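Can you read through this structure? Questions will come right after.
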């Protein structure tokens, strides 16, 4: 299929019920639109601003919920790991291992993830140029794993803002990997004085549409049926009720983008 | 029409022949695609890095060429002014007065442009937040002229790079003005040690597609049949030969964007 | 003398009394500390965010006050100009013509200022690399005027913050010009939603001390006996009561810096 | 003592001989100037750009060299850890555990370091506002360890440049911790296309002088007797031959800074 794919789910696995409820709605929307779908959920939050922030319900418990989502809906899952030691544990439960943006240069974690044989999704550090992602990609490839993809989640712009550099999409695609755009974290407003990262969710559609038009291969987003009560990243999540409409719009745009390739002339 | 409009032409008016040649090709392409077209050309370059850079062929001579282009092809024209004194002179020859990005906070120039009664196109300073453009817009409106539009030409990102913040498109549209994306200057690489601004023209299509998808009302670009010999900004111009193909692609995307609005659900 | 010099005064000339009062206190402090002193005041504010901001008491009236300050205290004065046309007028009244940061690439203004024969102080654009200032300096020199100096007033860091790049001090000194650090505008917080630029005046001493240590030749600051009621830039001015103490501290540091040069080994 | 303290050594422990040679020279210089000195060396490099970069001579071997340096010269040592698991191992050999800048938000590592009871030096992430360091500091304190300090090593400025924000020094000191300025990593030029981080070592003295003047409590630097052949970070190290001269200059400035505090008036 030439459709874009979707990585989506809650920020953190807060419990089985909420995970199943989010997955069900996302599966329903993506089935209609023929969007390949991967359920996303973190089993632990390792880098919250404050030590009193929610960090998880227990690793094993959360990982088992991820497995149950996978089996119930027959869909792949993705979760993020935070040290080399976690790679094997997480690989038993999910299909894709994600390297957090702050950790995208940590060789040990990249190599450990690569060696599980799972697909590795590397988030581009907020401090990294798109051109520099080749070094992170090659750490996975040189460990014998070619199943690697990258996700852009915005770049630091001053202390309290992130900006998406769409030039990076074709730049990273030339490295031979699928390029995903994270349309919710890209709208974060970091370094707020409260220690709670802010957001601009009203701009999710703008960020996403520009990404599809720029040719990205996949979309990453965090969604919840009650963002204001989500235990992490509520400030920039997409409300689950808007998911299907957003995906329908992106599908219309994606169809147009695919038509561009039948045009003559130079291409991106 | 719901089509986007185009502001395009050479950076500087280097002579009549080149201006007519560029206009002819742009008119031909935009006629086919039903794109409202405004011919753009500077009659003087006032802020080149180096004093020995080309600055123009003479103000009156260049302005007369702009008028001839307008009359020959029956199209409106746009040019930029660099001081309050220039507003009336330029207004005799063109339909839209453009305020350069570095000058977008200079009250005298904005007011003088406004008072000519011509449409005023304010370029967003590379140092200005989209939210701050309301103050520049209001300087025109408060001078009795509501015919104002804004153009984003990228924002400083470190010393030697510009980045486009697509969040600014809906933000500035809410100010009640058409928002244009300048897809060639946005790819400049300023502050090069040579004193000649660099560029990344291979990314023009990416930047433009994202802009159309984000909902911009118009596209601004500089084009030349021989960019490497253009007397200014050659490093980031679009080759004239690619213009029609690019516009056709953007039209396909624009059609898709218009379809989005018939979808239900929230909008940008 | 090897002492640093000082450019200081109110942002705008609001009237004769306030100008004289500020000058008197600054003269008193700088006399004690043998700091060469230039009185600074703008006769017009040309680039306020909002059209309803204070812009001045009248050009001629303000310029005459600058002359009176100069004659009363036997000190030189500096003011900023905003178009080529203003250069000659201002040159009749003051000793140094200042080119505002947003205008530092406008060739016409630089050339007009140069041709008056007055000293020209070019403020480094918030968007300009220190290395690029050579092109602005050369526009003055190539117009037959070698009396040129530059002032750093901070560099854009995201939309709402400025940062001082101290690496620029030695970089610009190598261009053969005195380098001044503007310690009050550098603490501005631009692009505030109110349209009124914010500030962080509690950090003035930190910014200034680092500048003296990095070897800058002069200090620029705005000061007022009642910053909260100043008609412009009140948010980042130094209270006049603190001026002498600050200058005394900087003099102690400057003495230490001068001692460094008698050390052996490599120098900046 | 009111003297500043120094954390210095090679980037990586490449072998015993080089470590001893660097320590000997640094001890000699700091003894003369009464500068409290901590020898710095990494036993492993965990986040090199490229997988083929040098990563170390073996953890235990390098840690034993750190211990030998400590015993031979009777000085404390510091090294950086890259996962929670490494904290206990490293704590057996050194006096201060350092958290790398990219990892400064990883709660597990901060807590593990804190629980060893050793002093913890947290490097401020290149993506972190000084104000946000309180959350990292509190993760250590809330783990029962008040012996925490922070080190600024520059902040991202575009993709390929770092800038030092001296405003952060007093901001972080108000958190009740010693604040160190890393004067060599702050001059890095990251994201170079070669995958080898560049530098600007000719500006080390400027960066350091400004830091001492802004009131920092300590200086961090990497030094080598042959920077161009150092196995990592050679592009921005200080040549060992310049160390004593640099420290002497900084001592002169520090003495002046201490005198400022006996002045009346407001303080930073």
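We just call them A, B, C and D in the order they show up, numbering each chain from 1.
One rule holds in what follows: a residue touches a chain if its C-beta (ideal position, glycine included) is under 8 Å from a C-beta of that chain, and two chains touch if they have at least 3 such contacts.
Remember, predicted model here, so these are calculated numbers, not experimental data.
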* Farthest from subunit A by Cα centre, which chain is it? Let me know. => C
* Structure fact -> Taking shared numbers over all numbers used, above half giving same and below half different, the subunit C and subunit D interface sides are same
* Whole-Å gap separating subunit B and subunit C, where each centre is the average of the chain's CA atoms -> 34
* Asked: For subunit C and subunit D, what's the span in angstrom between their mean Cα positions?
  -> 35
* How big is the gap, in whole Å, between where the Cα atoms of subunit A centre and where those of subunit C centre? -> 48
* **Multi-partner residues of subunit B (each touching 2 or more other chains)** => 155, 157, 159-160
* Could you pull out which subunit C residues touch subunit B in their complex? => 46-51, 55, 82-85, 102-103, 105-108, 111, 125-129, 131-132, 134-135, 138-139, 142, 155-156, 159-160, 190-191, 193, 195
* Asked: Which of the residues in subunit D end up touching subunit C in this complex?
  -> 155, 157, 163-167, 169-170, 187, 200, 202-203, 205-207, 209-215, 242, 245-246, 248-249, 252-253, 255-257, 259-260, 263-268
* **Residue ranges of subunit B in contact with subunit D within the complex** => 157-161
